[in-house]
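Multiple structures follow.
Shared between the two complexes below is chain A, which has chain B as its partner in the first and chain C in the second.
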Partner chain A sequence: MAVDRRKIAVFGAAFVLRLLLTCFFPSLPDLLTGRVEVSTPVNSFKRLQEGLFLYTGNVSPYDGGVFHQAPLLLPLFALLPNAKSSPLPTAIFYFLVDLLNAHALVNISASGQSVKSKLHSAVRKHVQWDGVSVAAWFLFNPFTIATCLARSTSVFTTSGILFAVSNAVAGNSINAMLALGFASYLSLYPALLFIPLVLLCYDRRSEGPSPPNVGSFIVQQAALLLASVAGLIGLSCLITGSFWEFISATYGFHLLVPDLTPNVGLWWYFFIEMFDSFREFFLGVFWLHLASYVGGLTARFRSQPLFIITSLLGVFAIFKPYSSISDASLFFALLPLYRHLFPLMRYTFFAGSAILYSSLLGPAFYHLWIYAGSGNANFFYAITLVWSLGLSILLADTVFAALRDEWEQEHPEQVGTEVRQV
Partner chain B sequence: MMTKTGDQESPASASQVDQPSVKRAPPPETPAAVQTRFRVIAAFWAVIIFLGFPIWWKTTSIYRASLPIEEMVDWADGKACRPVFPLEIHLATPSMQSFEAQHLLRTTQHTLDDLNEFAAHHLRLKLTNGSTTAHNSEDSSESVKYPAETADTALTVRLLPQDGLAGPWSELHAATTQLDIFYPPSQVPVPSSSNSPLSAFIAAELQRLYGEEKATIAHILSGNTAGLDSTSPQLAEDIDRRLRRSMKYAETYHLSFSLFTPGSEPSSWDIEAAVNEYVSPLLQALSPISNFTVDTQVQLYANFAPTAPKPEYDESEAAWTLKKEDLSAFVNAAEWPLNPSIGNGPTINFILYVPDPSQSPLLVNENRASSWMIPQWGGVFLLNPPLSNTEQGGRSNPAHLSQDSLGPAFMTFSHQLLTLLGTPSTPASLPLRLQTSIRIRAATLLLSASATMGSLARLTESLPSIPIPATVATSVSTTLSHLSASCVYLREGRFGAALASARVAETEAERSFFEKSMVGQVYFPDEHKVAVYLPLLGPIGVPLVVGLLKELKRIAGRRKAKGTAS
Partner chain C sequence: MPAAIRNLRNNPHLLFVRLPKLLSFICIVVGVVWLLLLPLNEYSRQTYISENALLPGQVHAYFTGSEQNIFRGYKRELEGLLNDGQARGGQKDEAEVTAAVSDKMQSILQAAGLKVATQKYEYTSAGITHQGENTYAIIHAPRGDATEAIVLVAPWITADDKLNLNGVTLALTLARYFKRWSLWSKDIIFLITPDSKTGTQAWIDAYHDMHPASVQPLPLKSGALQGALVIEYPLDHRFQTLHIVYDGVNGQLPNLDLFNTAVAIAGGQMGIGANLQEMWAHDDSYEHRLQTMFRGMTKQGLGYATGAHSSFMPYHIDAITLQTKGEGWEDEMALGRTIESLCRSLNNLLEHLHQSFFFYLLMQSNRFVSIGTYLPSAMLIAGNFTIMAIALWMRTGYYPEKPSANPKNEKAPAEEKAKTNIIAERHLALPLSLVVGLHLLGLVPLWVFNNIFHQYFTTTTYIFVVVDIVLPLLLAAILSNGLGLSKPIIPQQYHLIKSFSLLLLGLSLSTLATLNFSLSFMIGLLCAPLSFVARLRGSAPFRLTISSLGLVLLNLVSPPTVLLGVCWYMGVSVEAVLTQAAFGWDVWGMWTQVVVWCVWWPAWLIGCVLLGSSIF
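Coming up: the complex of A and B.
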């Protein structure tokens, strides 16, 4: 049971590291909670506290327009002791969610879907990390740690997505859809992962003895997803009482992006500058832009559904409204599954430096703008552009590597030859 | 924008990567790769066509409700309505024979018509018997508020014979709309004569009463007083000055009564009683014209502005005096809390200033006056209450101002209020002046709402890109219907109703003109849209369009190849 012992060691070390950070730097969680890179209006723990206060005071949590998260989080957090007076239980709860996410990653990795699926088999199958290493990459990623310490509610969306994927790779389509329903209920955008996830489930199912019919399978899964989301929304209605108030405060807020607080995404600056009369149009453009990748990537990578999900998560990390480093950490969590693609990537150094550069300079420029007053909004915006550039390069490089991998599979004689643009 | 990085190259890169050398041709694409590429391009274009275009259409189309442009322009040009002011004047002749009265009426009307040179404003005489006269005169102020189906009675003239008079003389009741004319019985016109001294006197008297009103209305309708030859330059200047001094018309005025004093006393005043006594009746009478709210405040330790000239002691008058030219600096606008506006509508400020005992009494140097008016802003009254000796040997103001001591100040304030609202200074009867005020306001609002309609019509014509919400169309139609109603009421002589309609028309016209959603795009010409769309959509669009063209070319080429093959 060497592997298990390694897993325990990694998980334990991750837990202890988080605990030590919380205990030795008691102000660190609150500092991170206030950072715009970590906390956006839709996942901020501070706002959750506000909603929780209103909720426990029997006032609608959406009164006051501060809280924009799903209402089912409220009874959950109401069970935990007050995070202000005794922060440790809440923190430990978040640590455990992180470990669960890592566990889901181990399962995904163990399935081997990233290297060998029904329709595709990678050339460099042997170049691979095992599940524990992948989990370690996730657990010791500074972005993940920061998200976890900041108690951002994005971690629950991350759990939903990772559990959906881990169930899908196991062919457990019902659980996958329920988990995706949970993630979509929390943050809306994971619903875009529906098509690749269904393909993943379908591929796993059709490997079995009785492959289901494609059309009816998709309809079934869609109905399941809708039912799970409807069920969660129904529960939320029981909690908040007013359907439209909660819908407009949560999903309306996600869709219409009324809060233009700076974050690492690309939307806030654009919509600050946008003429009011074109605001609706460009909201549509931005959302469609985000959604349009689903069709293209799915058509291109039909044979590798898990890779579609990975690259879509990368797209979301760059182009989604209210993006934070937690979205990037989810993308980075799935990337190590594609260890076999790393030798094919060409710009890892450039992408890595851009991401490092922006993660170091971002807080500095934000400080210059907001606190020191010696910079302006363009400073921080420029850094978020570099951040998005770094992620885009990484994403594009990964996609390129995957394509190259497919090509080499079709043309085994060409392995190792140089790429030329014609 | 770093859009479309990965997937744009995806269809192409599958076929274009991996060539060992330029000389060696790339391996041929498999049919599966070609189909995949087609699917990818189709997926992107499906999103654009089925979602993108509807969203573009929905979010950028400009809703323009249709407006009755021609009708609006007609109103603005004065073609739709020529405001007329037929004033109905009742002639009560309790001691005359019916035929004598008829004759007197005819000759007087004739004389009036001869005298009148401004056709829009004319006086119509009508006979009433004595019994209804009394009723009418009582009712006249009421009829303003509750417009009946019949025309408002502007004035009741009572002809009373009086022995021992050389010629007729008249007496105007100050509190009612009644003019008594006393005449020697011998002057009753005989039916054979075409004119008589009595009818000439009545006509001249009426002409005199309505002279100022006529000049004012002529001034408003034509924009200057030149239209009327008989208007004396003096009167024209008066009207001009009054119109300049009075506030712009508003639906609601806020009256703010403030007590300012540089010391600690007086610290209270019987303001409620004073307002009820002196201001409320006036506001009641003015209610058909505008709505009023009343606010009051007491401000202690209110000092003059440091730059303001100090009062000087005048030995001969034994009083402190302010120079007339320094009065404009009297109000310390920077420090005295005089809100420029309380809610919607302008504020009219009335300041009661009680000077420091060391500077009491305080007067205006030139004319010994204790009050003055600030045009379009309000009025100031210097109240010098009797001083009492304190135990320390000094003198102090009374701690409380009683209603009686406030009396003169509030009489002045009500007079200032009337002037600020543009009420004419003649004739002496207040109900008559209020009626005049109603007619003047009706004319002003009619013109102003019509002009607003014209401006709105021109604006929508000249800027085809501004949206016109349905609410604006509704407001415009409300305005137009109330304008025509107002015009009809004017023709019928029902001025109260005309003013009520004109007020609605004005409010709606302003609302439609200042609609917020219209203003947003006023300064946004069509050519700027290129600058809005291109920076983002250009980079996204180029690869998509090129991909589509290549694909179409390939399909067309294959068709052709098939055609030649078969």
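Coming up: the complex of A and C.
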């Protein structure tokens, strides 16, 4: 096996950077862990610590209503030394998970599925970054670093998703479904990626010598996914003992959104303001809205399943309950795969500026609201709107560029003409 | 209008090069003019009490008569201890005197029926150790449940480094006097600190369990603090007016209601005039209002603690200092009555002060402008950088540079010029890493100026002046010639470097404007030239002359030069200023330096690099 020097350099540099940040600023991880932009009720390391404490004390971790994460994380973290007294092993574990995620990204990029899939071939194939650059964008993204240092458990969901995709682009549908099952088990929402992921697997399989039957393939994969999730839930039952308690504390919590702690998403403020009688209705509407993108994007981008996954991750980063910057960092991780679309995008600078502005103003306004007491909740909420706006512009622009790319492929004579809204 | 737009479309030079410069310039000018308009009656407002519960001056203050004898008695006792120490000079050292005084204060407070406790602390900053012992006592509210408290602070040394004997004595007298009243619904804490810089900080940190290891925890606590008043009476004669100091650390201000209450009580009920910002002869003219506002902005912008009250502000506790000034006929009893009345007002509060403004500029004790009125001026200045950044970004994409202007331009990919409406490919890697790298480089001076010993500050500043002259030229040379380290960069990348740098600057300044308006405004003004400097074109001698001249001018507004200039103008030593700054960083949690070294300095450096690159 050839050793890729650049890859080692990038991975090593990313590791060293994280290590230096933890060593030189020992208070940084705890500071980030406390930030609402990074830690939400469903991925906070602090809450995990609470759950872990109860778990090691032989009490149900869901007692007290603080911990809402998957129970299988508990035995895993129980193996690691106490993060309070010796933070380094836990930190290094997280660094390694980040590197693994980056490795999966390199594999995704190496497959070339983003530029050339079974049914689609981009016009600007030559404009592309190699896997190491894509991994570097992921590893040196401040949002990724912040998530990693804050030890948010979202990174495991991220690995689940990235491994599912990297296995899918390799045509390894069984592993892909197992990984997706893991991600869905942890955070529920990745289950929405099932359809595009099956499409991706199917496209890869059908390029081979013996294309499988569509119907039976889908049923097979669905059964696999269900089996993997069921297996993990079964294991969890062994740990927690009570099935319903853990289901309602984790998936019920994800679905019903009872904790309205501020985060960068759009749900908390809306549900704070709402009269209780409308709550169930709007919960349904919000979830339906989130899920509806799957159908539309899948139908429109049937020929580019990897792009469906990318844009869906963007949608999740904006519209999912309890969204944090780790969701955005996952979306940003997959974006560089579409380097060939960048020349077609029109508002990158504005989207980038909006995201930059909100990531500076967000903490400032949160400070004014919570600590200085001179602002109020609307300050922070306004900035989360700007943040979502920035992400939406970026997402819409990416979708526009992908459509334009398809169109240019169909009409080679029109390349370079200006788009006009009619 | 449509004709004008068509004209712009057909003239990219006007649209991408001239118009942004014009817009940026207009933004700066309007921003400055806006600020200058604020003192006018049309733009500023009369202050008013927003919180009804305060009812300033509605109660009779009973602190008179026989209390004065108590005051004199306490004063004589303390004076005796202090003089005793002075008289015997070398034989009795300072620590012994301090201990004796502290014991005396504790016994006085205990005799008055208060719970007393002490707290030792020690801070080290820039190689100087500050240590001391706070003494404090609590009156438990007869009508309260110890969930809320008011703090009265009397530092032994005032903010102006004078002995505050009368102030401390008054606090002790008030403690005895307040204890006998049954109407308090909030606990009252009397805090006697050794000085105005460290004592309250150590105490308030420990009160919220946020203290470093070198500070002792508090053995005795009360409820949430609702407000704090600092008493300073360093004179040995009667005073004329009260000077109200209100600036907190990092430019945070107390609720305007607290200031208004103090003005209303001092002026309305007691008939003592109230001054602010050391404006002793304020005739309410435009000039004086402007001067008051500028003084307030300077203090806010520098973000240092202006008195013992400043340390309360980060914990969202509104606090002011009352200083006695001038020679008049008001005595300590008048000051005592003012404080009594203020405490009664604070005692009335049903919830934390929140009604009135937290962001304001005062220009007279009864005139202010609120954030909605003044914020646009700093935002316009910050906006000028953003406008320029956006324009430069557009320019790199849509407006091809003329190849004739610069021979290096031919290296730009030729295919992009073929199609005019396709966005040119931008080479982002180098500009992005340069801008990010230089911003990270700002951490070096930040670390240096906060960690070295105080005697090296002056030398280090001069070293940094030299570094600021050499570093931009070095970077410019590397960028334009490569010096074998990298490929020489193309003109588009100069625009991108400037675009990213200005974008970050605009971003940081507009964020900063919401936290500390004055600092954002000052840095914005100092950075204003950066919008207009760029790599020059033209013949070599012309470029050399103009860019050298420009570099000299830019070096005059570099952070270390500005520091030296201001110190020279104010007549203070650089070492004192930087020691104070390092102390602020270490103890008060002041972050003005972060803005200087991680926002202003990198932006300035990049401006110089761009200008310097014209030489090569």
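In this section, the second predicted complex is superposed on the first by the 419 of 422 C-alpha atoms of A that agree within 3 Å, B and C clash if a C-alpha of one lies under 4 Å from a C-alpha of the other, contacts with A are read in each partner's own complex, and residues count from 1 in each chain.
FYI, a contact is a pair of C-beta atoms (placed from the backbone, for glycine too) under 8 Å apart; a residue touches a chain by one contact, two chains touch by 3 or more.
None of the values given here were measured: they were computed from a predicted structure.
Once the two complexes are overlaid through chain A, chain B and chain C fit side by side, free of any clash as defined at the top of the document. Contacts of A:L356 after superposition on the shared chain: chain C is touched, whereas chain B is not.
Between the C-alpha centres of chain B and chain C, as viewed from that of chain A after superposition on chain A, lies an angle of 80 degrees, to the nearest 10. By the touch criterion defined above, A:G284 lies against chain B but remains apart from chain C after alignment on the C-alpha atoms of chain A. Touch criterion not met for A:D4: it reaches neither chain B nor chain C. The partner of chain A that touches more of its residues, comparing chain B with chain C, is B.
After overlaying the two complexes on the shared chain, residue contacts for A:W407 are found with chain B alone; chain C is out of touch.
In the superposed model, A:E418 lies in contact with both chain B and chain C. Chain B and chain C never share a C-alpha pair closer than 8 Å once the two structures are laid over each other. In the superposition on the C-alpha atoms of chain A, the part of chain A touched by chain B in one complex and by chain C in the other spans residues 417-418. Chain A meets chain B in the complex at residues 275-278, 280-285, 288-289, 291-293, 295-300, 302, 311, 318-319, 388-389, 392-393, 395-396, 398-400, 403-404, 406-408, 410-411, 414, 417-422. Those residues of chain A lying in contact with chain C across their complex are 343, 346, 349-350, 353, 356-357, 360-361, 364-365, 367-368, 371-374, 416-418.
Contacts from chain B toward chain A in the complex involve residues 2-3, 5-7, 9-11, 13-14, 16-22, 26-27, 30, 36, 39-40, 42-44, 46-48, 51-52, 55-56, 58-60, 520-521, 524, 532, 536-537, 540. Residue ranges of chain C in contact with chain A, taken from their complex: 252, 314, 316, 352, 354, 358-359, 386, 389-390, 393, 419, 421-423, 425, 503-504, 507-508, 510-511, 514-515.
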